[in-house]
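Order as written gives the chain letters A, B, C, D and E; numbering starts at 1 within each chain.
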Amino acid sequence: MTLLFDAALVVVLLGLAAWVVLARNAFAAVAAFIAYGLLLTLAWLQLHGIDIALTEAAIGGGLTGALLIGAVIRLRTAPPAAPATSMTLALAAIAAATTTAVLAACVLALPDPAPTLAPLVADNIAVTGVENAITAVLLAFRSMDTLLEAIVLLFALVGAWSLGADSAWPGRPGFAQSAPPNGILAYLARILPPIGLVIGVYIFWTGADNPGGKFQGATILAAIWLLTMAAGLTDAPRVGSRWLRAALVAGPLGFIAVGVFGSYSAGAFLALPPEAAKPLILAIEIALMPTLTLILALLLPGPPQRTSS
Amino acid sequence: MTTPSGWLLVAAVLLPFIGMMVGLVAGGRHAARVAALVIVAGLAIAFATARTVLDASQVYLLGGWAPPLGVALRADGLAAAMMVVVAAVIAGIGLYARRDFATPPGVTEARAPLAFWLLLLAVWGSLNLVFVSGDLFTLYVGLELLTFAGVPLVCLDGRGETLRAALRYLLFALLGSLLYLLGAVLIYGAYATLDIEMLAHLVQPGIVTWTVLALMTVGLLAKTALFPLHIWLPPAHAGAPAAASAVLSALVVKGSWFLVVRLWFDVMPAVVTFDAAQLLGGLGAAAIVFGSIVALRQKRLKLLVAYSTIAQIGYLFLMFPLAFDIATGAMLHGDALTGGLLQAASHATAKAGMFMAAGLIYAALGHDRIADLGGVARALPVTVLAFAVAGLALMGLVPSGAYLAKKLLLGAAASSEQWWWTAVLQGGAAFTAGYVVLVLTRALRSLPAPLQLATKVSRLSEFSALGLALLSLLLGVAAVVPAAGLPAGLISNPLAPKELLPTLLVVAGGFALAATLARRPLFGDGPWRRLMTAAGTGFENADALLRRWPTASLALIILAAAFGWLLHTGNPA
Amino acid sequence: MAEFLTGAACFILLVVAVGLVRLLRGPGDADRLMAVQLLGTGSIALVLLIGVVSASPALIDVALTLALLAAFAGVALVRASTTRRPPDNSQ
Amino acid sequence: MSALLDLWTVVLVSAGAVFYLAGTVGLLRFPDALTRLHALTKADNLGLGLVVLGLVPQVGGVIIGIKLVAVWLLVMVSGACVAQLIARLVRHGSDPAP
Amino acid sequence: MNDTLLYGLTACALIGLGVFGLIANPAPLRKILAFNIAGSGVFLLAGAVARRGAAAGFGGDPVLQALLITGIVVAFSATALAVALVLRLNAVTGDVTLAEPPAEPTDDND
């Protein structure tokens, strides 16, 4: 029965993906992509990746969808690109089919039983003081990747900002939103944030021992903030704002500071002394949370567009 | 185990990142100052790392966790050498850009200068990460960092065509990273580790590893812009501001190239086959011919230099077939690898100097039409000298690094009995000579009246371009340093007949190519020139075709298939 | 019980998947969005069903996240469609 | 007791599934966007509500049960608001005059 | 046919679909979508690989699952940067196409 569900899910996923790629109408493709993201969340659950499902739900269901919808509507006025020739289509189909076939052969050739690091994680997780293995990997065993991930996000934001017009520097990103203050959007933007705040902080807090964590929590908070921006209740901060910039780097710098502390107290950069491992992991997460929230939210409106509000 | 000086690797990666973050907060003029401080400190770290690596390779286990659970940073000679080169080039570019990217007076902060200094540091930290990371996934993150830092550099001036170039670059690079990540996932599925050193012992030839090596290699080639995957390079490198072009052309492409080296030499040396190495070298040879000829056909100096970068990238791949050891059927660390590394170092320095000189010429004249370069040598002697020195260094004249590299590669070709690479190595220099000769003959032509310059160029910029070019020209002196561990007798008297003859042949070949292929005749017309010009137009058309998106992305898949097939057929498994 | 709930999950999945025909046909943006909206509520039900079947209460957090962000695509569409861009301040 | 609770679950979840079916049928068969919207919002909120109520006895915990119901309430609130927004979009065309 | 194989093969097909879109669809925004489809295929493949590595009481290899989360974040930031570039290109030039405009004919006989 479960396999039947899996099979049905896979068929719908493939159909939606094909529609995303092949649809004529760009908006239809984006809408299908959002639906695809929702179903992908289910696939992660079936693969026992609850943390990934949470990430996918927050990113795929929330931020990416909003980003792409905004873009596709704005690009409606652009003249369409010349369609691909049938020669290109045929060759692309052959290339895609070959890729799939070779990869499928590789998947079938993967060793059985599969090699895994799970036992190694199980042996060492006690030292970290957290119970969620994913959090242990992300903030203890491979915390460098997490630090770099925060820096990747920062690079993307600086890169997006650098695309702005000189005349708008250092102004506010996005266009001014002026929804009617008593409209339905403003209503939604007033009742969802408190709930979202609770859920976001809860997902973050429970992440030490259960699925969840700073990243998923930050995504939820970012989405909520964007909602209030869309309703005109709040405005994006000026990119020149000193406090904004300080908040953007506080997370990674705090992370590095904890890492340096580790090199004195535990003998290696990013090491966590066993007795203080859990508090330090929480400290890193708390430092990263506001930074990630700000970056994730500000990646959507993009470069500064206006010098005044 | 972590080595005593291993912390230097952490510092080398994090210092530029910290500098970038501090620069962002400080903002405005302070960003350039922070960058200057970081450059000084970073140079010291790079040299200190190189100094310690001479004694022993350095390792740092991040968080004290050993692979496969944790991530290790490692620096061998290869990584340390690249770190030093990058630090030197960054320093040169930093000096050069002081004037171009100064915050204008009366403004607290301007967009382009702030972005440039932040991105310069971002590129640096990402490159150091790529050099020292010992984990395939951390390397993936490093590659993405490098892309995200490189793309905005392309369109700093915000013009439509540079935005388009940046978008092409980003999309093609993302396609490349996707293939790389796919390879990393498959290899994890097969071996449950991503640590380079552990994989080196575990990896066995088989369908998974063939596919992995093919996918990762081609993905990285797309980011390196090796012919025929150079779709994004010419408009991106030619359209960016000169300092940014220097960063992109001299440094950013070296990151993904370095990873190909790591993969082929350190992660999967035993999976590589003779045929696959020949294909990689063959692409390099094709890049040299193709890039040089199309460079000769350009009307604008910056595009010429951009196409010459395609040729120079080709050089970097010639060492792969020469390092393949037929007896053991694996890639060997040896003279060929050293040669390739030297080539990367000399290209990085010379290419940066060349782009910087081209940028100065553009700024001074207000244009960079090659046909109208007359008189510029008198107006900007130092700049033209920098261009000439960089050109000579790229041609491989004694005692340049490229000369030394050529010597080492020729030796490797002779000892592995692959004579055809000898021909490529000798002939390639003539192609390089072609466009250098073309530019210099135009620039050295004198005009009846002195040129009216659009702006005065900065002395500091001129001399930093010259400095980097000279560094490249004098890199061959490294052979005399015993610590470099190079075979003795590589540098000989440049005026001895054995050395002089090839040099003269190279220059003569360059003249012949420039005379027959340049858009405007150098010495007059003739049937021979008409034939060559027609061929040149053919190359240009081929280039336009190859740089169309569908062609380039199809070429990517076809190349992946070709590599996979050659790895498969060459292995008796 | 698990069998029944899995069966119900299959049924709901198929039903909302059929609803996606509206996504293909349109004709308007709103119609397409409605199909996504139906799929969104459907997936929340599916997450809850899977959570009960596999006895992992953490899945409710996933459902909570989906529920919280369910309005997001709709809001983005409405905002993007009704925001008038300033004439041109881009150059 | 347990059998009774199971029966409760079976009945309510089945009813919820039927409402999803109704929502899909409405979405596909109704003639224009506003009527489709009308059918959709009723059906999917009720469908989810019935599924949630049906599942409550199965989760074994008051807190979890409350969270379950909270999911439904959240969907109802945001679903109603989005329906309003979409309706306005449909009525005014995709680009209403300000 | 077990579930990891099913999802693994689906992932391969998704990557193929994404590659097709990346090659064949001329509009940059659609390429970004295709990139995301192919990317999710890679992630799904990783998810299947991680599920194969379930051991020691974990439902999947936690190391690979953690890497996946990082990968999803990186892919999102790539998407955001690419979208920002497309929108900016559209704002400056009024169109969105990757093809280079033909060279200006004025200096063609240079």
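Quick note on the criterion: a contact is a pair of C-beta atoms (placed from the backbone, for glycine too) under 8 Å apart; a residue touches a chain by one contact, two chains touch by 3 or more.
A quick map from chain label to UniProt name: B = NADH-quinone oxidoreductase subunit J; C = Multiple resistance and pH regulation protein F; D = Monovalent cation/H(+) antiporter subunit G; E = Na+/H+ antiporter subunit C.
Worth saying up front: this structure is predicted, and the values here are computed from it rather than measured.
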Determine the shortest chain-contact distance, in steps, between chain B and chain C. 2
Common touching chains of chain D and chain A: C
More C-beta pairs touching across which pair, B-E or C-D? C-D
Most distant chain from chain B by Cα centroid: D
Central chain, going by Cα centroids? E
Nearest whole angstrom, what separates the Cα centre of chain D from the Cα centre of chain E (Na+/H+ antiporter subunit C)? 32
Where the CA atoms of chain A average out and where those of chain E (Na+/H+ antiporter subunit C) average out, how many Å apart are those spots? 14
Cα centroid separation between chain B and chain D, in whole Å? 58
Check each residue of chain C and list the ones that touch at least two other chains. 29, 33, 35, 64, 68, 70-71, 75, 77-78, 81, 90-91
Multi-chain contacts only, two chains or more: what residues does chain E (Na+/H+ antiporter subunit C) have there? 15, 18-19, 23-24, 26, 28, 32, 45, 49, 52-53, 61, 63-64, 67, 70, 74, 77-78, 81, 85-86, 88, 92, 97-99
Can you list the chain A residues in contact with two or more other chains? 2, 46, 74, 84, 88, 91-92, 95, 99, 103, 107, 110, 114-117, 121, 141-142, 145, 149, 152, 155-156, 159, 163-165, 185, 188, 192, 195
Write out the stretch or stretches of chain D touching chain A in their complex. 74, 77-78, 81, 84-85, 88
Which residues of chain D touch chain C in the complex? 6, 9-10, 13-14, 16-17, 20-21, 23-24, 27-28, 33, 36-37, 40, 44-45, 47-48, 51-52, 55, 58-59, 61, 64, 67-68, 70-72, 74-75, 78-79, 81-82, 85-86, 88-90, 94-96, 98
Using the touch rule from the top, collect the residues of chain A that touch chain D in their complex. 184-185, 187-188, 191-192, 195
Would you mind writing out the residues of chain B in touch with chain E (Na+/H+ antiporter subunit C) in their complex? 68-69, 137, 140-141, 144, 147-148, 151, 155, 158-161, 163-164, 166-168, 170-171, 174-175, 177-178, 181-182, 185-186, 188-189, 192, 235, 299, 369, 371, 519-520, 547-550, 553-554, 557
Residue numbers of chain E (Na+/H+ antiporter subunit C) touching chain A in their complex, please. 1-21, 23-30, 32-34, 36-37, 40, 43-45, 47-70, 72-74, 76-81, 83-88, 90, 94-99
